[in-house]
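Look at the two complexes coming up: chain A is in both, with chain B in one and chain C in the other.
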Partner chain A sequence: MGEKHVDAVIVGAGWAGSILAKELTEAGLSVVMLERGAERTTQVEGAYPDSIDELRGAVRKRLFQNLSQSTVTIRNTIDQTALPYRQLAAFLPGEGVGGAGLHWSGVHFRVAPEDLRLRSSVIERYGEKFIPEGMNLQDYGVTYEELEPFFDKAEKVFGTSGEAYKVQGKIVGNGNVFSPDRSSDFPLPVMKDTFSASVFRDAAKSAGYHPYALPAANASRQYTNTYGCQMGPCNFCGYCSGYDCYLYSKASPNVNILPALRQDPRFSLIPNAHVLRVDLDSTKKKATGVTYLDTRTRKETSLSADLVILGAFQFNNVHLMLVSGIGKPYDPVSNTGTVGRNFVYQTITSSRVWLPSSTYTNQFVGAGGAGVAIDDFNSMNFDHGPLGFVGGSPVWVNQAGMKPIAAATGAGGGGTPRWGSAYKDALINTYKHSLGIDAHGSNMAYRDVYLDLDPTWKDAYGQPLLRMTFTWKDNDIRMNQYVVSKIEPIARAMGATKMNLVHLNPGQPFDTRKYQTTHLGGGAIMGENPQTSALNRYLQSWDVSNVFVIGSNAFPQGMGYNPTGMVAALAYWTAHHIRTTYLKSPGPLVQA
Partner chain B sequence: MPPMEPTLNRPLRRSFVKGLVGTTSFWMASGSTQWTESLAAEAVQSYQPTFFDMKEYQFLEAASDRLFPSDHNGPGGKALGVAEFIDRQMQTPYGHGENWYMSGPFQQGPANLGYQLPFVPRDLYRKGIAGVETYARQQYGKEFTALAAVQQDEILTALEGGSVQLGEIPGRVFFEQLRTNTLEGVFADPLYGGNRGLAGWVMLGFPGARADFMDWANQEGAPYPIGPVSISGETA
Partner chain C sequence: MKWPLLAACILGSGLAGKAVAQDTDNATLEKGRYLAAASDCAACHSVRGKPEYSGGVSFSLPMGKIYSTNITPDPEHGIGHYTEAQFGRALREGVRRDGATLYPAMPFPSYARLTNSDIHSLFVYFREGVKAAPISPPKNGIAWPLSIRWPLTFWRWAFAPTPTKAIPRTSGEFTDPELARGAYLVEGPAHCGACHSPRAITMQEKALTATDGNLYLAGGAMVDGWTPPSLRQENRTGLGRWSEDDIVSFLRTGRANTGSVFGSMTSAVVHGTQKLTDDDLHAIVHYLKSLKAADQTQKPWTYDSTITDQLHKADLSYRGARIYVDRCAACHRTDGKGYPSVFPPLAGNPVMMQDDPVSLIHIIQSGATLPAMTAAPSSIVMPAFKHKLTDEQIADVVTFIRHAWGNNASPVSAEDVKRLSKSMPPPDMADDALSLN
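So, the complex of A and B:
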């Protein structure tokens, strides 16, 4: 038995954990939130000018996970030996209070309703045969209509700036024509278009598409949220992605939830507390609490709790389930088990367009969530029939603030010099006069793409590392190529003097050395069938009913949109059902 | 273990060649020789390497000046203080590889699965520089710093292309380490010893620590009008 008892213990102090902590303390529960990383607040770690130092920030990766303590191993195919992810590159997981929610960019989407029922939608339109062999296409088991109140609630907490299209059935503005109905408008007015985004808007419109402003969790003006937490207006400083916003303008758990939560005597937050496992009773059907290690004293503590919430981020949630014995591990050979199944990511390729040398794109100006996008090739918004692939991509100019070291190290290559005088000329010209256009798309789930425990490498605490088996597949490569081909006419309409269209290529394996996104998903997915999902539609473990697992791990497919809006809505959805149903009579919310 | 992050408490670099260069327009008007010379003069006076010996340090100056040469755009790696930058980085947690997963076994695999050597940046430089010197003597009978720029470029091209092994270290790995740190030294805040006089930022048109573009989200493609400022308040 543990030394201390609380009503609920929460693992991880990111968006998922902080939302659940707020909701459960509101419901009157005593809550302890355990975070493996350090305490972080805007007034100390986020203060200007230290917070905007590129070397210390995005380059030396001050706010990201310290891999020396734990990492993952990665391989492309089942017959390879997975090797440790020794240096941060392809994805940048968070660590410390606020999690990746402190150093995210702030693009704050809802969901394309058909992405929630993608399997059904594809079958209805194109028949079951359309789904490629080996693709585990699944529905979420929840609809947009069910989630709408929770998207709405999250936007009012995050202080999201945007332009609606349809509110309560009425067309109200110039927003995304493909976006679903909303119960209310965005809490804050839309962010300004940067110059680059405005050029894209005009060109996309003239090419016949439907541009809209990205919904941004960057405050377009002063805002006090539903919890009484305050945000200041964003000044387009360009230090969202990889940094903590010194102006209190980018939504983070640290700015938008924790100031209220910290006032609540029922809540306590323990940083530097690495959770080693969820403790189960002898039946393996009930969690008794968690065991964590104080990373400074190396002392282990067991905490007993009635309810355990995992909010440790997608792959850490799966890791904790596997090392704790929650649910059945997925086996791709026998195609049985669920924990580790449907591991997904996101396709992303960045193309570049050069404008005349009299035009300055000032790429250092920007905000992480601001930009202009088109959804004409996202989700089910176009006819896939003749194309023969599932999925899609928004296309956008999201000028988030390009820094010199990032620009310089990324410049050159693909046949152009990477150093020397010609490189210098090209770098300067590119920095001053070009802009980036991304195709930020879906990634489907496949039978042989999954997560399990590595047989060889261990973390600093003696536990096996999580192993990722992941690569790009034909369906997603073709989708990406198709969408990138649609960028060309837009670039021409922009008056491009030169363009470099970048897409995935057949046979090109996933490369761990180059940043793509931190939008990893799946591995412990939600669904309606316990044979093919680890969680029910309330993100409750089918196997251990007092464990709820919150995060993008619940996504059966990687979608074209950035994930955090969906994660936040699912967190509020789960919290609502815990508060209104589960607490009254603890047990499975859905019978297996 | 307290992080050894550089802090703002360290003595600020003295304000660079004050009066000589105030604005960007000076820069555009007067070409690069004057800058290069003043920057180089400052470098020689002020810095004693603590990790590298003098020969290694001179290698870094020479190589960084080929990777990022002085030209019509502005100064090169040597004048910008890249060698000092790299030397100082070797004393930080980064130099010691403290944020890398460095547990064995170390097994090599396909390049796309990432770095798999048991060496941290300090090792890569010690072994890598020695390896390049051996290679230079074998191929050209002289040490790297004594070679003409064309020959130095040939060596760097060979390293980049992956055909050279530097003892335990693939030439390509050393090249990438050196290229990355050189570009960091050119463009990081001058707090860390490189980007002298903010000249790296001036070349790019990056305004440094201004971090306020309230009125500049969209100015219809006009160039941003204010020169850079560093974290310590130095301007150019």
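So, the complex of A and C:
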């Protein structure tokens, strides 16, 4: 008996997978989407008030990867032995239908155009010698102009709220002066500033910077998207990151795409299906389908497919490529191979500022995607020449809502007693009168920072774990210190009575025990050269042309912006080229 | 769910009546499929997880539980042996092939209006467009002697119209063809009156057509824990303030700027009205809009901002205000206007102002899920609060929303809520709303 055959199989039910599933079913293909986690719908798990249970949500990590089944191992440097990441802390990959797209906050950026050609841009401005030894600085191989229609399309699906600066060459509003031209305005009006954001806006302006409202995939009012899916308006309840939004106002695959997909008879979704490998034919140049394990019955099933889309979380895509033998694994010693190369993160530090007790920031209020930022120290928007580093950071107040347990845990900042009346005073003071300011920075790629298969540790299914070799490098530490130094005068202008400014220090290694961000990137990057990228500019494997790998794994370096907007645009970009070119004549879209 | 359009070839050797497979054109079958949707057959004869139209939906009657029958063309378990005449007689007169009378849960007093041509199309559809399912629903749970069917025959003679009387009546009521079409659909196949018209002590609908008087569609008694509201033009409790677009949107997507579907009506929209053509939906609405208010004394509803102003000043002194703000206002807003058509308004919503608050109490106890519709794929949930709020708290918040924003309906007591816990519908299984492929 032959295996079941479908036109396309998609691994992972997050944004990337759901976008591809929608596009490919629209193109008439039969699509099966496999998700290793559980089925999740807003009308069941997202129902108020259970959805905003902090203990169940953020503390017990309901929507995140179950590390008892599979995880990664981590080490800082090549000479160390990696150990498994056993407790979710530094980064929080999602699991279940919706993936990380269900638990994200909703900050929905496009891209700084120069980040797409950062290598070229740095060389043009500062010369090739400016690039530090060991830094694998690369271009994406795609331009903002090429991606613009897909950013636009994604925003109309996500119901993104924001304030434009330039639409079709005309300045239309108070948006980010550094942001590129747009073909149309945001589909929804900008989210309101929280008090803390408005204080930051005023102070940043008085310091001579250019504050703007973060583009938010939190609906500022009710909205019906391109697919007929409905969103409710955000009420700043603060339960965004780590939660499924009961108001249907934070965009997620579950709210914005899957309701329409589920009605399509060409589409089916199989939850609790952990994909073990992409099956290749004997030439290793063509995928024949995938083999997955039903995590409840432990039964293996093979699905045959003409087209395989990897839409899992960044490092899971890389892991699947490595265990399936797609492309050549990266070797940092010989500096050859591509899969695992350019593993990147973001360089983020969060500082806290206390205002006088007569001003109320009310930290329990918040929206994950809303806030006010400045881009004056992001991307190529400032002169790196005298500073001697590559990259930058937006700086923002993104009051996402401090939940009670988190507030009680971190109250007061460093140096505050952890018990007694001083602790209680600090807790109240922090909750009512403080605000957070983040430097949300880029992270460059380095020759000895990479992903490969761990030689020792295996997951619950007997496959080797993915190994991360990662630590902070001097370039990014100096970038972070520089940007954080710019926060202090802004905080003073805000009337700060106390500041807890946090930055990285030289030699400081990556610490997995403390949450930083889930914005991991690279490892299977896109580019123009098959020697230095695993994927071509259409996110198609150079080596196995019927495999497309969608996600932040494609980023050659970590950018200052949050990645989801870029991932969504790349997903629509890839889907467009599959529909218009690949399906007519399957094969490599770029000749190696 | 779409059944393949193959002509069912398994008609069985014992098939009585003329073979219809050959002389049927696709248009007749499709018309039959459409009429089956318009007649909402699936709401009573299909159960999720079982083959379509294979019966098994339970009806709780005072004398016991009955189950709907298998109406697939299976000759043994379904209606495969029915001739077209027998099929028509069952639909329009409530008489089974063996001569016994059907329980009037089957709305044959309404179906009596179906034209011969429509009966023919339905017959063709149920013979050829529906897949035979060889399963039987559970046995009816009515004990002897109440299970004896002949008294039903007297009921039928006394209260059910004959097709000869019913057909000209409905079609002759209106000269305007659109109104006539609307009347035909509402009074006939859609059998709206079965739930929305009041019934007498002997259980017959007090009015079966618009010309029977003002009680027609003036609001019915509780069905499965829900009280069907008036579909007439009462300003507060009827459709008096619903625009044509509102009602069309409600019937097509289950959601409108004026309110969203819940309770038993949900399946009528899912299986029935969402599948109707634009023309038919507009015809239905024109007809409904022509039904004058049964209660002419209602003072027109106007928005009253007193409560809104109080809430905006953090004045929570009105009974139930705090619970409303804590539990309800996120979606329905402090001004009661909601975020339609995602979250429905409570201000001016006829359900708030029904004399009988049972639907309101039950939706708070059991919750409701607005399912995905073809034209509106999002499924929106109203959570269940039975295990989060006490009877007293539910009474308080129901009293609050019945009072606020000009609704000015009567208060509700904790005893009312406690009593109604017994008739509380099972918490809505939102999974049912999810059509997983």
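Here is the rule we use: the second predicted complex is superposed on the first by the 580 of 592 C-alpha atoms of A that agree within 3 Å, B and C clash if a C-alpha of one lies under 4 Å from a C-alpha of the other, contacts with A are read in each partner's own complex, and residues count from 1 in each chain.
By definition in this document, contacts are C-beta pairs under 8 Å (C-beta built on N, C-alpha and C of every residue); 3 or more make two chains touch, one makes a residue touch a chain.
Everything quoted here is computed from the prediction, not taken from an experiment.
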- Message: By the touch definition at the top of the document, which applies to A:Arg513: first (chain B), second (chain C), both, or neither?
- Response: first
- Query: More residues of chain A are touched by which chain, chain B or chain C?
  - Reply: B
- Message: One more residue to check, A:Asn335. First (chain B), second (chain C), both or neither?
- Response: neither
- May I ask you to decide whether A:Thr143 touches chain B, chain C, both, or neither, giving the answer as first, second, both or neither? neither
- Query: For A:Cys237, is the partner it touches chain B (first), chain C (second), both, or none of the two (neither)?
  - Reply: both
- Message: Taking the superposition on A as described, I'd like to know which of chain B and chain C A:Thr580 touches: first, second, both or neither.
- Response: neither
- Have a look at where A:Tyr248 lands relative to chain B and chain C in the superposition and call it first, second, both or neither. second
- Query: In the superposed arrangement, does A:Gly228 touch chain B (first), chain C (second), both or neither?
  - Reply: second
- Query: Does chain B (first) or chain C (second) touch A:Gln43, or do both, or does neither?
  - Reply: second
- Partner chain(s) touched by A:Ala407 [first = chain B, second = chain C, both, neither]: first
- Query: Where on chain A do the contacts with chain B and the contacts with chain C coincide?
  - Reply: 48-50, 233, 235, 237, 246
- Contact set on chain A toward chain B in their complex: 48-50, 52-56, 59-62, 66-68, 70-71, 74-76, 80-89, 192-195, 198, 233, 235-239, 246, 355, 358-362, 364-365, 370, 403-405, 407-409, 418-421, 424-425, 427-428, 431-432, 456-458, 460, 509-513
- Query: Which of the residues in chain C end up touching chain A in this complex?
  - Reply: 2, 327, 330-331, 339-343, 367, 369, 372, 374-381, 383, 388, 430-431, 433-437
- Of all residues in chain A, those that touch chain C in their complex: 39, 41-44, 46-50, 221-222, 227-233, 235, 237, 246-248, 255, 259-260, 262-265, 267-269
- Item | Residues on chain B engaged by chain A in the complex (per definition of touch) | 5-6, 8, 66-69, 71, 73, 92, 94, 98-103, 105, 107, 109-116, 153, 156, 160, 179-180, 183-184, 186-189, 191-192, 200-201, 203-207, 209, 211-214, 216-224, 231
